[in-house]
Each structure stands twice: as structure tokens, then as C-alpha cells.
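First subunit A sits with subunit B, and in the next complex the same chain sits with subunit C.
This part shows the complex of A and B:
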């Protein structure tokens, strides 16, 4: 049950009118209708702020977002030259094809996609609507459900710029494609609605990095929707790095559809944000498909990070693996809500879900809800969850071997998340992620 | 296995074997629920004023809940709305005269319990089991009261307790499950008719197993009983509960409340075999079993252990819980829930860790077959002051057949870093390799299945008192007869 929050809905409705006008010259009819449907949906539902009976948002109160008055930027305002060296370069700009958005708008200077194979189409979403109108219309907003998810509805209503990616059959992209969303504005209280639509053809292969970072430690709302569709036997690796400002609100929905025989690997790293909620929905549409979804969250101070992962097994002979681990300190709060759904009448489903939390402070809080909804009998589904502090015996073991207590502690903390980093199939990214986790631990814990 | 396959076949063809009706004249409250119904029940039972006041408070609160249509909808069950005005809230066999001893109980009733295998005749007793027999809304007999009173143990019907020990009732009633707790507990508080009351004094280890047997007999009635067990410092009691009902086409509501309280160093072991009528093959009829059971480990070093075998009822909605208030207290929950036909079960437990060094253990085994849907729903909450709390949870499900469902919805909330929690769950069908292994050694498919399923449940069954464990194993075989596909 979603209660209608009246406070600031009006602001979004009036902003929508201005937005629609500004976009009218470049939008086709179907796009206008799509946005209108979405805003109507949002107007109807409001933000999911109800505390009673609101299972979907049980542990995450979004009323700070609902009460905030976030402004939509209608024109590009930043100056690329003023952008300082931001954290995004940690993933080595030169090692990737880069598509860069600053405050929601494509930045041509920072973007560098010229060396992509010529068959591949990567462009601004607003251009894709005119370059590939029927193709875009067929896929855009067809996967991420905005009828039941207010934040997705809000994004869909205001979607304009974003990443459009089409990897045709039998093409494999050597370097990863990084889509960078940077918040640079010195004005606080902006809302951006970044969007990604990525599709792959048969037997194709590529790596997508979705990176969210900020220049200033401002308060703003990033409301992201990504739709990723894997064609038959294609292979996608997806890295999601969230290093927003520590005062930012970050709500994201990633919807992944797996075609027959496809393979999907994801790694979600949450470091920033004040209130963060990531929805990851994976649907195995084709038989023989498999996914491995992984995550690390490192929280401190008053951060609140909520990961909801839903794996929908919709076809036979499909496999899913989930491994999420969190390190919590300060007064932070982390939530992991995993759901495995197995539809009726399927054969040979194999699913495993694990979430573990390490609590480093007395005020930190970890809530876990690993659920199964299983309607077929030919399944092997397991889940494990654990929560605890650093093992005193392990500390003793290490100190008895001459390692200082603080080193022992650091070793154990790092060792705890190492299992997730080890799941990364590619050495290059494994090292990159390792560095980022180390940097964050140093930053957060002084380790 | 004690019973042979041939025996099982004969029994299975009878379907639900407790489905007969006893022909006794009964006295019923008028259908429907108003304040007058509650006053009627209360005066019928000659209750003290405080009891009536409490009931009325509960009824007014329930009225508000109904007004806001706040009957719980979050469970993974579905049923048509219940018409609370179409239920008879009180039904009792008409007493011929006031009873002084067991010999004066209506022989019809005695033979009914005889048929159920529950001995009320102390001559033919099962060694070491004292029984409180509840028939529709009232307790008809309690055995071994004399023997128990030698030890200072009070074991009687709730009505008797209200007459004889009102101060104990006043002190503890609603202290674990207040009438504001939830929709069905609130309804129960307003209309409950009878139940069992047990008080074990300081330092006494109850020499007998205590049993309450619930039987629904009349049509259109709801059964609302309330059990209150208090184990004083250093005492121990093992308590068993069984139940059954006739086969009827319409659904009947059973909304019970059980409250357990343990003081310092006390222990209560509470076992249930729930075998209400589950409805027919097509899901018609059956009992709605909406029960609130909760224990409070109030004293330090105390322990409460729930064991349940849930094979009956059309719908089960039940979460026996433990509030671990005292330091070093222990809560345990062992459950086997079986759903077949169109049965639905949404059951599990809550372990609320408040005291320091508290421990809890949850073992839940769900078995789904036919079109049954079985959900484990549980909560483990570690409060900020519960230092060094431990929890181990295992909730496994077994699926038999392709039209059933097995679901798991555990919640784990940790607010203290020193907590140590482990949670495991596994869902699968009966392993084909295991079946093959058994077949290869000359067992039939059905025997093999039965062996594997009993092995799956063993961890729970071994927590049951001996007579119940045999009963549970037999019940499981019986219920799964013919489900090998």
C-alpha cells in the first residue's frame, strides 16, 4: 500500500510542464505519451513514504526525499573546463570508452567513444530516438516497470538524456564502456534522472561500467534507471560504482533481461550517499541463462544503504548466484533484501543467495531479508545470511603470531570482503575494485 | 517404521480419520458478535468484574480495527473475507447437573475422547500424562488434578482458574499478548470461552506431561481458547497440545492465544500436534487456524521451547515467539509444517533478543505437496542492549509435486555489533539420488520417500515427547500417502 504524499508532488508536476515544453521540439509522440503516462502514475502514487504495510520500503524511509524540494535543471549549466580531477579517474579514463554526463547533460569534451567498433551504436538517448526511432520505441521503458515503482515513474517522466548502447550480433568490445554520471553543480538540491538502455545481439560481449560520482559534497537526488537486455548467448559484465556525495540521495533501478544461453555478471560497489536504495531485478527470460550478482557496501557515519535484489527465474535450466557483503561503522544502517522467485512448471533451477555483514560499531544496524518464493519442485535453492563482529579468536590468533592488533583487525576486515572481490572474473577489474575498496576502507576506517 | 505400508493404505483411504461428529445436546450463544454476546459469555461463566471489563476493552479495540479494516493481509495466504457476525461464539455441551467427578461426565463425551485416543479415564491412562479436555468452548474434564496438587501445581481449565485464582490471572493475563497485539488476538481477548491454566510453583519439576486436547464439534462455531502457563523460579513443565475437528463443508475459525511466562531459571517446553480438519481434496471446508502464541523469558537463565507439527487446518497463520528478556535466557523453535491438497500455511517464529547473552535456535522444516503453499516467515531481532546474543536459524523446504509452493521470508535485524547470527535455508525436491539409493536396496518408492521425509523431519521430531513423536511420524506417513509422483 502506497500512501500519497502531497507535500511536493505539485512541484514535480509544474516542473514537468516546463520540461515537456523544453523537450517538445525533439520529442516524438510516443515519447510524449510515455512521459505523460509516467507522470500521471507518479502523481497518483506519490513517493512511497508510508511506514505501515509498506513492505517494499520497510526499512528505508524516503520521507527526507519526499519532503525535499529538488529542482530539475532544464539547461546545461556547467563549464567542462571547470571540472576538477574527480574521483571518476580512478577507473582510468584512458582504459575505457567514456560517455560522460554532467548534471544530467552529455558532455562532449569529456566523452570519448571514437575508438568503438563501427558496428556498435553508442549515443545520447535523446539522439537515439531520432537515429533509431522504431528500435528505441520497442525497447525504451519496456523493462523497468514504472506502473508500480514511483521512482521509476519519476525517472521515466523526466527522461531525456542518457546512454543508449546497442552491441550488434557477434561483436565483442575489447575495452569497457564507462558511463559516468557526475554531479558538479554548486547549487544543492538538484534532481537528475539518468537513464541507460543497453541491448546486445546474439553472441556479443561487452563490459559496462556505470559510475556515479560528485565534485562537491552537496545534497542532491540522483534517480537512476538502467535497462539491460542480453541477446542469445551474449555475455555482459556490469560494474556499478556508486560514489556520490555523502549528503546525496541515490535511488537506482537496474532491470536486466537474460536471453537464451546468456551470461550476466554484476558487481555493485556502494561507497557514497546519505540514503541509497538500489533495486536490481534480473529476469531469466531464456533457458540456460545464468547470472552472478555481487555487491560490497561500506557504510559509515549516518549513511543508509539499502540493496534490493530480485531474481526472477522465468525459464528452465537457469542458474543464479548472489553474494553481497557489507562493512558497517558509525551509526550507519545497511539493508539487504534478496528475493528469489521461481515460476511454476520449471525444470532444474539452481539458485544461491548469500549476504553477510560485519558490524564495527555499536550503533550500526544491519537488516537482512533473504526470501524465496518457489512454485516449482525441480529446484535447488539455498540462502545464507550471517552477521557478526570481528572474531576475537581470529584477532588473538594473529596477534599471537606477532601481528599488531590494529594490523590484525585490518587484515580481517579486508579479508571479509575479499571473497566478493575474488568473484570478479577479470584481473584488471579485480585490481581496480581492490584499490577502490582499499581506498574506501582507509577513508572510512583509517585502515 | 512401526506401521507397515498395508496399514497405511487402509488408513489413508479413510482420509481424515477424526472427521466424525459427537451427538450431544449443546448450549449455544446467539449467532453474531455484539457487546451483549460478550456479557452473555462472561455471565455464563460467572466471571469476576475485571475479566468482563478486560473483554469489553478488547472488544471496543477490535471494533476500531474492523472499522479500519485492519485484519492482517500481509501473510501469504488467501481466503474469502470472514463474516464475524455469522459465527457462534460460545457452544458448550449441556451439563446434566453439576459435575463432581469424572464419573459424572456425559458418557457420550468420554467415548468421543476415547475414540480420539485421549484417555480421560484415569484407570486407562497413558503413564504420566495429565489431560485437560476442551470440547467446543468449554473444558469438560481435567485429569490427575489431585496428583498434581500434591506438588502444588495448578492445572485446570481457565474458567476454574478465574474462580479459584483470580489474582494470578489478573497479574499475568495479557502480559505477553496484550489485547492490542493483533486483530485475531484482540478478537480472542473479547470472546475467549475457555482454555487451560497452569502454574508451576518455585523449584517444582512437574512430574507429569500436561496435555490439553481441543475438539471442535458444533457447526458454525468458532473456537477461541486461551492458555496461560506460568513457570515460577526454578520450575519445569512440559506441555502438549492436540486438536481435531469434524469434516464440514464450511470453514470454521479457530483463533487461540497462548501465553507462556518463565521466571528465573524456569523452563517451559510446549509441544503442539495440530491436526484440525484440513478441508477436502478440492480445498472445500477446513479450519482457519489463526493463532497467537508467545512466550516471555522474564527471568534470567530461563528457557522456552516451542515444538510444533502442523499437518491440519485449511489455513495456518501462526508464529510462536519468544521474548528473551532475562539475561542468559534461551528461546527455541522447532517446526514441521506440512501442506497438501489446497492447504496454506504461513508460519514461523519471532525471537526478540533484549537481555544480554541470550540465545535462540530456529529449526523449521516445511513440506509442500499437492496444491499446498507453505511459507516460513520469521524474525530475529537483536536489540541494542542484547550483548553477545546468538542465533542459529535453519529453514528448509521440501517440494513434492509440481503444483505446490515453498516460500521463505525471514527477517534479520541486528542492532548490536557483538551479535552472532547464522541463517541457512535450502529448498529442493526429494533428492533423486537418495531415492535411487533406497530403491537399489529393495525399498519401494513410497517407503523410500517416507524414510527420507522422516529423516528430513527428524531434528524436530526428536524434540517431541515420546508418545507424540510416534504420533507425529505416523501422521506424516499418513498425510503423504499417495503423494509419490
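This part shows the complex of A and C:
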């Protein structure tokens, strides 16, 4: 096992040399070039720590990440037995097809994808490069832009293992496919660069769960990039469950391309992490496509959670719905940046963005920053944002029916995010999310 | 059952109720009428114990207990029910779940059986029929997106489920068309019996044609300026509230003199 201490950009560069060497036997030329491009880009930009003129990162200070000395693990170090069974059960291992990565490396023992339809290709990204070289080359890193996004560049430079998913035309997968990224190391200060590339063919349908979880309450950096491309008339549900250690840094980018007539539903659940930033970019590439992107974040103590959602309406007759809600306690802070971009010359665009926060302490802080760039006329675009404390009139209404004040509060807190849970189109996941949210509220607020 | 003694209520330094006295016995229906802003809802809120409505003097005796400083849930458990003029929307909380939570909280305080969802569902179905309400509404969030009429009916549904000893109905008629009004009045009549009492607050006399009161009180500027039988309601209908203005000036003269002493 080789470990390299990182203290600054130079150390990422020297780690890259070691990484490149370790990967050289399994990497094709285009992959080597892609990574080199990305590391050069990262070398150029460094971490986005500038506080001035840095709109993208204005509200999230990543200097603790830039200053941190994160180690890149070049070899599989864990032993599957270390992973407690209960943890795995808790992650609903049995209800899904599972592709499991522990500290960045595929875990053969926990992975179980044998009952997937045979037409479907799900494998380690590093294998996809040899199984489907042209296909992979055509799509990998073609959507998540690493030229302007340092964290994406860093991930792209160090990408090796991850999930490759291809659902061919007319195939629908019954059970969800869960990609689990587990941090298990007892060493703190590891960096992992999880990666997903998911592609769907015409009229296909599947559910992807991207689950980030930890065994120990360590500090580490998970720097995730997911690219999801929906073929014509395909239908994808995407659940992103972030339950990292409360000391972890979690930076993610999910880039979604919607083909003609495709439907995309997402639910982003943020429960863990000390500093969290999720970039979700959705592009309606084809006409008649639509997306419903939703999120719940439950923050406490000094957690900082920043969701940046950009919806790019690039085609006519496309619809987008955004509904994010947060429950904030302690000194935690949440930011929601929602941008809606409508290209010029489009017809019948319908966009709606809502972000609401429930503040349970005086020191908790929520910021909603909507931005609209609308270059067409035939656009219906709405947005709503609100942050506030529990509605006293509602408390009175409930207590006037004999319900105790504390029960009334609890009902209202749970009710606050229920609206988002209700938007989940499938009863099974609705119940799962409900359970997870309830467990988190119990953990955070004791309710 | 209920005795209000010289009740004075203020909110944020505004003196709203100025010495209200009222006695209601089991089996009775009292109507409280008055123009907008006269303090009808404030009286209802004061009876239900809404925070912010501070009793500066006087008391409320319910069932021989002084409840003047009791919290709202305590009053509800004691048997007081308020049907809101403007029922509150509670997004995220499903109506059937809320109704069961309420029913069980009250039963629990009385050491009576609590109902599981199945048992409660049976009861709920029964009561929905009494108030002629669409069962589908119970699967929606409390009052959220309900029409005005649906909200009012939902209040009466809660009365039907909780079976309070004293129901204070704050404008159960406002915003209802004739058919809806008749059906709400019909439900109220079904729920009245010899051991409970109802205070019905209204701006207009028309609901009192269906729910016939034993007594009518005219409230103006935080005072009961006149009490009488159901004919008093007809008087309001034909001549408006202005006729009572002189009672008001006489009385305010009186209370001013009293307060100077």
C-alpha cells in the first residue's frame, strides 16, 4: 500500500504521478490523456478558495478542504469483513442490485448484480474501458465539465474505479440499482473520487440509488462525479443519499442529459457531512423531456450544506420542477442556489423552483439564491422561497385539538418535509425515504 | 357549564374584550352576533386559550374549574372545542392522521382507550357521513388546498369526532352557499344534545334559521350590548347593527366611570 501525504496542489501532482504509474497497465491512451488534461486543469485552477469574484463558491468556503492533507489510496486496503453487517443491512442491501465500493475500490463480496437482466451492462468503470472501449470513450467525462470546475477536474484526474451502467433500449430494471460508496477506513483524511457513468437507451427504465455512507465518524473528502444520460423516452429515477460522517467533506457533481421525451426524477437526501456541496446540472437536450428534482436536507451542529441546482432548458416543450426543503438546527447553515437557464428561441417552457427552510434555532441560517437567465418569450417560470420558524398558528390549531405542544411541533417538523417525500412516485421509496428522514430527525432532534 | 365573568382581554396593548359576562348551560345553544371587528373571534380564541390573548381581568369557569390560564391542549382535553373562522392549513400532516392524534390525545388524558388506525378508520367513516364530507379529503394534508366550504365542513367533522361538551363555532356559515349552509347546519343539529352546549358566532342571522338558538347576544366593540331570544337575531337582520350603537355609548360611559373608581 502506498500512501502519500498531501498538503497542497504539488502533493496532488506528485500523487498523480504515482497513481498514473499504478494504473498504467490497465489504462488506454485516451484515458491517460484525459486524466493528464484534467490534472493540468486542476494544477491551473487549484481549489476554488478565492473569496472575491467567485460567484460559484461565494457561500461555501472550501479552504478547510484546500488546506487539508488528504491521502489518495492507491491500493485496496480494506478487508470486507471489517464492514459491519448491520451497516450493510441498513443500506437495504437485499432490496437492490448492489454495486459496492469501499474506500474507492470495488468490493466483490458485497457486490451482487447477478440477477440483473442479461442485456444490462453494469460493471466497474475500469473494466468498462476494456469491455466497451469506444462506447466508454464516447461518453466518459463528456458531460461533467472539468475545464471550469476544479473538483470535477480533480475527480477526472484520479478516476479509476466506479460504476458503469448501460441499460439498453426497451429494457426496464425491476429492482433499483444501488451504487454504494462506503468509507470504512480507520485512517482519517482519505480522499476518494467516486465516479458513475449511467447511460440509458430508448424506452428504457431504471432506478439508480447513489448512496454515500461511512462506517466511522472520520474526517475525509468524498469528491464525486456522476454523469447520467437519458435516451429517448427513457425514464430514470435517481435517489442520492448522502449520509457521510458528520466530519466529512462531500463535494459532488451530477450532470444529467435528458434525451427527447425522457423523464427524470431525483431525490437528494443530505443527512451527513461537515461541509457539503452538491452540484446538480440538468440539461433538457431533447424536446418534450421533463425533470422533477427534489431534495431534503437535515442539518445540525456546524454542518454546512450547499445545493447548487442548474436547470438548462435547451429544447422546446420541456418542463422542470424543483422542490427542496431543509430542517436546520444548531449553528448549521444551508444554501440553495437554483439557476434556471432558458436558451433563446424555445417554445413552451415550464419551470418552477421552490426552496423552503424550517429554522429550529436562532443560530441556524438558510440562504436561497435563485437566478433566472431566460432568453425565450414563451416561458412560464415560477419560484418560491421561504425560511422561517414553526408556524405558531399551526401550533395553536393542533394544541386546540388536545395535542400537546411538543407533539404538535414534532408533527409540524415532520410535516414540513413530508411534501417532498410525497412527490416520490413510488411507494417503496417513499416509505424508505420516510424512514430515513424519521431516523435522522430522531437522531438530530430526538423526535 | 360555562361561566365567563367580566372578561377583559388584550393583545399587544390593544384592549379587545372589555368586560364580557356570559353563562351557558348544558343543552343550550347561544348565538353571538356582531359586526366585523367587534371581538367575536377574540372571544372564541380566549375561550380556547390562544397565546397572545392575555386575560387582564375576569375569569372563565368551565365545568366548575377555573380555566382562565389553562393551555389550549388542557382546555381541549377538558371538553372545549373551537371551530375556527379561518381553519389553519397544515401542509405535510395528513388529515386522518391528525384526527387520530387528536382523538387519542384527548382519550389518553381521560384514561380512555386509544384507537389504532383501523379502529379509528371505522369511526372516521361514520362521522364523515354525519357531516356529509368527501372521505377523499381525509387522505390529504390538513386543510391544504381545501375550498372554503371544505374547510368549514372539516371543522364540523372534528367536532363530530371529538364530541366536545362545549363547541364554540366561529362563523361556521361564512363563505357557504345556501345548500352548503343547510348541510352544515344539519350536521350541527345532529351533534347537539342535552349534555353539550354550543356557542355559535355569526355575522348573519341566516344560519340561525336552521340552528335555532336559545339565546342571542350582540357583541360590539368588545362588549355584549344586548342579549335576548332568537327574535333579537331577526332584529339585526332587518335593522342592522347601528341600532345598538347607543347601548354601546351608554355602556362605555359606564365602564369608564367604573374604571375611574
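The rule is short, and it goes like this: the second predicted complex is superposed on the first by the 436 of 447 C-alpha atoms of A that agree within 3 Å, B and C clash if a C-alpha of one lies under 4 Å from a C-alpha of the other, contacts with A are read in each partner's own complex, and residues count from 1 in each chain.
By our rule, a contact is a pair of C-beta atoms (placed from the backbone, for glycine too) under 8 Å apart; a residue touches a chain by one contact, two chains touch by 3 or more.
All figures in this text were calculated on a predicted structure; none of them were measured in a lab.
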item	value
Contacts of A:412 with subunit B and subunit C, given as first, second, both or neither	second
Contacts of A:53 with subunit B and subunit C, given as first, second, both or neither	first
Partner chain in contact with A:344 - subunit B first, subunit C second, else both or neither	first
Touched partner set for A:110, first subunit B, second subunit C, both or neither	neither
Touching partner for A:400 - first (subunit B), second (subunit C), both, neither	second
Subunit A residues touched - subunit C or subunit B, whichever exceeds	B
Subunit B versus subunit C as contact partner of A:382, first or second or both or neither	first
Contacts of A:366 with subunit B and subunit C, given as first, second, both or neither	first
Shared subunit A contacts, counted only where both subunit B and subunit C touch the same residue	none
Subunit A-facing residues of subunit C, complex	48-51, 71-73, 75-77, 81-82, 84, 87-93, 98, 101-102, 105-106, 109, 141, 158, 162
Residue ranges of subunit A in contact with subunit C within the complex	391-394, 396-405, 407, 411-412, 414-419
Contact footprint of subunit A on subunit B as seen in their complex	73-74, 384, 397, 399-429
Residues on subunit A engaged by subunit B in the complex (per definition of touch)	53, 55, 344-345, 357, 359-389
